[in-house]
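Per-chain numbering from 1; labels A, B, C, D and E assigned in written order.
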Amino acid sequence: MEKILSKEKLREWVGKLDGCEVHAPAFADSVWNYAPVQTGGDIDLSHTNTVGSVKAFAFPQREVFFRFEQAKGGAPVLTATVPEPRPTVVFGVRPCDGRGMPRNDKVFSAEFKDPYYWARREKLTLVGLACNEPHSPNCFCQSVGGSPHSEEGLDVLMTDLGDRYHVKAITPKGAEAMERAGDAFNEAGAADQAEVERVHAESRQQPQRPIGDLAAIPEAIKQNFDSPVWAEMAQHCIGCGICTFLCPTCHCFDINDEATGANKGERVRTWDNCQFPDFTMHTSGHNPRHDLGARLRQRVSHKFLYFVENHKTQQCTGCGRCISECPVGIDIVAVLERVGQS
Amino acid sequence: MTKKRTGVFVCHCGNNIAATVDVKRLAEEMTDEETVVYSQDYVYMCSDPGQNSVIQAIKDNQLDSVVVSCCSPNLHEKTFRDNAERAGISGFTCEIANIREQCAWVHKNREEATEKAIKISRSAIRRVAHNKALDPIAVPVTRRVMVIGGGIAGIQAALDVANAGLEVILVEKLATIGGHMLQLSETFPTLDCSQCILSPKMVEVSRHPNIKLMTYSEVQDVSGSVGNFRVKVLQKPTYVDPEACKLCDDCVQVCPVVVPNEHDLGLTARRAIHIPFAQAIPASYTLDVDACLGLNPIRCGKCKDVCEAGAINYDMQPRTVFEEVGAIIVATGFDLYGQENLGEYGAGKVEDVLDGLQFERLCSASGATKGHVLRPSDHKVPKEVVFIQCVGSRDPAQHCAYCSKICCMYTAKHARLYKHHVPDGRAYVFYIDIRSGGKGYEEFVQRTMEDDETIYLRGRVSKLHRTRDGKVRVLGTDTLTGQNVEIDADMVVLALAMQPSKGTEQAAKVLKIGRDKDGFLAEAHPKLKPVESVTAGIYLAGAAQGPKDIPETVSQASAAACKVLALLSQDTLSHAPTVAKVRESHCTGCEMCVDACPYQAIRLLNGKAVVNEVLCEGCGTCAGTCVRAAIDVKNVTQLQIHAMISAIMGG
Amino acid sequence: MMDNIYLPQVGRIAGIEEETQGARAIKTFKVEFPNGDGFEHACGQCAMLSIFGRGESMISIASSPLVKDYKQFSIMKMGRVTTAFHDAQVGDLIGIRGPYGNHFPMADWKGKDLVFIGGGVGLAPIWPVIQTAVAQSSHYGKITVFYGARTSRDIMYKADFERLRGLADVQLSVDAPEQGWQGYTGFVPANLMDKAPSPDNAIAITCGPPIMIKFVIQNLQKLGFADEQIYTTIENKMKCGIGKCGRCNVGKDYVCVKGPVYSWAELKTLPQEY
Amino acid sequence: MSNPSQTTATAPTAPQEHEPRIVAFQCKWCTSAGSDLAGVSRIQYPANAVPIQVMCSGMVSPMYVLSAFNKGADGVLVSGCHPGDCHYMKGNFFARRKLYLVQKLLQFIGLESDRFRMSWISAAEGTKYAQVISDFVRDMKALGPQRKLKAKR
Amino acid sequence: MVKVEDIQQCAAGLLEKGQVKSVLGFRRGTAGAMAEPCTITEAAEAGTLVWDPTCLNNLALYLVKDRKQQAASKTPDIRPIGIVAKGCDSRAVAVLLQENYFKREEVFVIGVSCEGTGVIDPKKVATLLKGRSPSRVEFDGADGFKLTLRGGEMQVPAREILADRCLECRAASPALNDVVFGEPSGERGYATPFHAAKEALGASETERWAAWEHHFDRCLRCFACRSVCPMCYCPECVVDSTSFVIEPQTSAEEKANRIKWCERSPNTSESAVYHLTRAIHLAGRCVDCGECERVCPVNIPLRLLNTMLEMEAFEMFHYQAGHDLSQASLLSSFRDEDPNSFIR
């Protein structure tokens, strides 16, 4: 289904999504981030990319697995807290973030299906917005097999045509969301079709950060496992993990028990990341990835080698966040280039 | 085992607690606590049967920790800790939950009071869950004492300690002991001769088998701590062997160098080789190497030539001696606030303006004028003498803020001594007010005014200067009459404030003991520990701690001696083990704790803080200061406080 | 609702055995399933044990799959959860989920000699294999068990070893000379060299401290064992146990899913990240 | 608060009054002794404050204050010896400086400024102890529950 | 004007003469307009050093990192390190020296005076451009900057995008230095000291809490603010779980009993404990380099917390961090006349 939505009708569409939670990018505190949209509220799709990625809608930073209560010597009473969220529609998802979701889906399925992730994921509709121009000098979606109008992972793809959006349903979920506001949309004509293609084609021509030979990278990483390059590239890394927290495909987490009172508490999952020193540290103090070089290697290898080995695709969609937001300029593209050379 | 087996004992205290706190419920609810394996209540926990039941319960239930919910720990903490010890577990694993003074007695609502008692008890249980079984710290002691400063304070302290049978090392920086008291003529309030009462004591010191006298010596470094100090003393050479010296004075006769005599405060002169004072102890001459023409027969060598006893040895070298002692008494005394600081009174440059000590020397039979009061400029008998009190003291704006305490008395004494020497002379005293608290002191001042007809003028002297006719013109106001006063005096005596001596300042530095804002040595507590310094094992005596007269000095010296004797009466010192402990892995050596510790108990060793357990009083200021939580007081750790907060907040 | 993989079953501590004492004491726990649920496991698999309020830890199942009434775990006191286990008492109810990880391919070893080489708490993961092999001794050839501890007091499963003696060739060692010690004195790899088991038609299974494993493998190779004949298990920090939390990977493998059992032939191909 | 008659008038109809929870860190030598004296003198005050005895106010780490609020305290009191009276001579001076900053910080982020208090109470001031606690409880009642820093669990 | 050639020559000279083992400085990065930190060890690399208003980082952090590395190394290399330091950075070195973190002779401070310019605040640029990033930022004469964008160039008055700390800076020239480039003058006086903190204090209590609740709530607890702070060099931070210190002698009990002052969950309450703790721990130690605020991915105005305390320290206790090496730290000292009136 491909339709045209004039810009002033966007509000009408959102208004029709009652019963859903709607989120869209908003500019606050000097950054774009997803924020809830009040029913009938305005949404501003002039955003670059949000600083936090869309993954948080299925994989929130904190999630309670279950509550427990156990008196001294007594039996534990466990109450699982698998969420039952309302359907959620997220607007303005950039294609790179969209491509992140299927990668996360793989992780949270595999041998074991993660009930918490899927409870949210199944209720999630992602309305994407094609990038007519790169929103940051660090975009490289095309270098990792994506494109500024990639449909992968999205339920709907919108393309800004100046005064109107071209809106394409990609999944039944997406079609359903569009059908809610059937009247608001017009049929897309041949001219619209041509215009979309032109805009898309143009967007593909915009300069992006290049990655030489994507196919050669896994082998290059493998060859360089013991190379000093990693430590060198990580020399100024501060180990903050911003790169991974913001990444649309980083999914590592920690599980902890938090007390909520005497003899009771919650088992909680929180985001964790491979850049933190204790991430892999055993209780004995032994740490298989004991320095920042090893941790940078893990981050890059996970995305460009291990994930490829396990899932036949990169675990990076080229959003460029980890480059732009790194406080000290560590640049995954530059790292790949460097590793490719040595 | 890490998890404790705690017993809880709830006391009814008759009806004192039970009336407001539901003690049964309290005892019962405590069994919900993870670590509690036993809980009971009893009508009087501190009674014999009560105590025995605690002991029995500890044994029967293999308890390793105890919480007693009862009255204030100030009352029975010791009782129950002793019980714990008797039952074979460490007393330090017993904690008191105060549910009487801090709960039952101050609340009426039974429900609320019970709730609070539960929280208090629960927090004690959580705390005790992490208490360590500690042993008191035992420190072997060296039963020797060092006294620094050989004034009357040091002499008295040394004799007291030595008479009790302990070995004493008395270190004096000058060539003789005696201090300032040796310079005094007669002493208030009885006007007995200062040297007459002091000399026997000095002799006693020199003969005492337990006293090792080190004159012309200075303490250079101290390490160790209470019970075991190691002191480095530098003994300067006198170039005269006291054993050989016959006190014949031949050397003095030939010495060509003449310098002012400090013992007489410059009122007389002496030679480079000299005896500070006829009755000096040790009885021997000293060669003042700074004044001497050169320790070389080619330069001079006259004294060495003339000494038949062969007592003079130019090759004598400074000696460094290390002494091990268990305690130190600091009695380094005072100096007078320098005249040079007093611009308004001519900064010491006006002739015939003397300070109190100089006047003492004028009056002294052994002094410059052989006991005749003659003014220095022309050796005439002064007929009009003005005494000015509070010079340099009680003047926060320009000089010292404090009251020098003894000046009223010694000025009265000076006026009387003057009148006794020059009965027809006229004595004026300028004063702000008279402070003469002390046995017989007020009477002494009264007598000065009445019997000896001294004219007391209330007011300040604003200025003085020398007149053409060789008088000292004193300009002041009499605040009682409101009139300006102008006196042309033959001599003026300034009652200068006492201030800590240079040696006191230096000793404080070496010993690392604090000084108060005026520079006097700081006592550990202004009321309750007036003779202790802040550093355990170091005590204070005499004018080094604050202005005082001889009786007070002697009392404090004896008090310090008594403290030392009490300390060293044990073979080992026992110190509370609840001291700070550093987590080396977390300490970065930033020294913030070192700066904050009130007891200088922490120092840095290889970049890590190290606590001297003997000095540490366990206040925890360090723990409150360290941002890295790298230091904690044993059994009051941050982990424990955190657990207590949780307990109180229901976590 | 789909199966909640994070929700543990309730287990009851049915027995506690003190194995060794000291700073890193080891205790063995028998865990039953009071609610009648439970799970089957294979040799080498692990389970996530939890004490509610303290957290979860991955622990090898130390009992043979042939034992159905309970599962056994030997836990060394290391940190938050393991200390809580050491504080626990018989009758306490705990959390348990699993089984996780792969297992020793015992079916492939039929008819072969088995040489076990363990050190310290490293005996736990291979203990079920030993137990199973001994119970089904007709399936296998000669069974030899090398085990070393620092001192005789540090030897795990002392009573069981006595029972084992008749059924297998038991070679115990302690690191340093000790009064009255009957067995070998010296490190396990040396003892192995000393007794030199034959590699012919044999499988070697080793587990213990990393440094021991390193030398054991070197020595096994010297004795002629091929990489495919050597098995070991590895441990990496784990939180989820199901290949999601992202920390236990060695190269592309999440040890909790693909491991912890590896043949040396496989392990060699993985990067050194354990 | 300023008009007591009004408070009593509205009291019966008012919903269940909030019972504040206060943690009082008090030094062993002065304030704790002072609170013992209040006990001995049977001076009554509300039961809302639970004492935690510390050796010296100087040992009170800012973490304690924050943690108490995090765990739900409505008010936190730190009390020690008057300046110059510290059993350890100067511990309370360090406390004063440090906790002044803690107070400013809490005020800065918008915690009601009254929720963190410090007092100097000597061993002789049983009455003052009772007064300080009574005032604190009264003020915290007026403020209602502390929700800002309390963990939402 | 600071000539970058001077810095380059100085660095080259130090390396050539072997006076230092490395020089910490700035170079152009690949990641955007901002300069990135670099460590050069060869004189030949000195040419890559840059100095401009995008040299944001406080490089003293890397002195700390090096020190940690050397402490862990079997063959520690304690030769001195050269560091390019702005006024604030040199104050950081001073505090580290005050806290004995290393010795004076272990660092060679190549001071650069900000000379009335300072560095930009990328957040302000982001606000200006609504999230877009410039590809270049340069000085544009006396009082402005030139931004190069995809669509062209843009002139911006300095005060609009200068970092707050630079606007309020009281000591733009590094007082602690071994050599200094640029004029020591240049107090710019764009804003009065502590302007931002004072302004924030102007809001009502309710407004202040509303703001901070929003901030604490957003915090991801990535701890970048702490990781980037040269003063947060603690082996293990008291508040969190990502940096355990475990030594062979660390007992199981110690590990089991680690205090959880706050949970790992990024809740408002837990993040508040973290940030308030950090603020208090930096009282008298924070040198106002603004790094914590800069690196925060969600732009929490952390600097306010620190400068507010800095203001109190200055006004109430006459204390300034990094001013006097021999002085005891703010919280390990006191004066009799410290405020007492807030105590009941």
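FYI, contacts are C-beta pairs under 8 Å (C-beta built on N, C-alpha and C of every residue); 3 or more make two chains touch, one makes a residue touch a chain.
Remember, predicted model here, so these are calculated numbers, not experimental data.
*Asks:* Count the C-beta contact pairs for A-C and for C-E, then tell me which is higher.
*Replies:* Answer by contact count: A-C.
*Asks:* Which one chain sits nearest the middle, judging by mean Cα positions?
*Replies:* Minimum centroid-to-centroid distance belongs to E.
*Asks:* Would you identify the chain whose Cα-based centre sits farthest away from the centre of chain B?
*Replies:* Relative to chain B, the chain with the farthest C-alpha centre is A.
*Asks:* Indicate the whole-number Å distance between the mean C-alpha point of chain B and the mean C-alpha point of chain E.
*Replies:* Comparing mean C-alpha positions, chain E is 46 Å from chain B.
*Asks:* Just how far, in Å, is the C-alpha centre of chain D from the one of chain B?
*Replies:* The answer is 37 Å.
*Asks:* Just give me the whole-number Å value for how far the CA centre of chain C lies from that of chain D.
*Replies:* 55
*Asks:* Between chain A and chain E, tell me the centre distance in angstrom, where each centre is the average of that chain's C-alpha atoms.
*Replies:* 30
*Asks:* Which positions in chain C are in touch with at least two other chains?
*Replies:* 78-79, 82-83
*Asks:* Check each residue of chain A and list the ones that touch at least two other chains.
*Replies:* Those would be 254, 256, 258-259, 261, 263, 279, 281, 283-284.
*Asks:* Spell out, as numbers or ranges, the residues of chain B touching 2 or more other chains.
*Replies:* Chain B, residues with two or more chain partners: 2, 596, 625, 629, 638, 642, 646, 650-651.
*Asks:* Residues of chain E touching chain A in their complex?
*Replies:* Listed in rising order, the residues of chain E that touch chain A are 29-32, 34-39, 57, 61-62, 123-124, 126-127, 130-133, 135, 150, 218, 220, 222-224, 227-228, 241-244, 246-248, 250, 255, 263-267, 291, 294-295, 297-300.
*Asks:* Which residues of chain C touch chain E once you look at their complex with the stated criterion?
*Replies:* Chain C reaches chain E through residues 23-24, 77-80, 82-84.
*Asks:* For chain B, which residues are in contact with chain E within the complex?
*Replies:* Residue list for chain B touching chain E: 2, 130, 585-586, 588-596, 604, 607, 625, 627-629, 638-639, 642.
*Asks:* For the complex, which residues does chain E have touching chain D?
*Replies:* It comes out as residues 197, 200-201, 205-213, 238, 261-263, 267-270, 272-273, 276-277, 279-280, 283, 304-305, 308-309, 312-313, 316-317, 330-334, 336, 338-340, 342-344.
*Asks:* Residue numbers of chain A touching chain B in their complex, please.
*Replies:* 71-72, 259, 261-263
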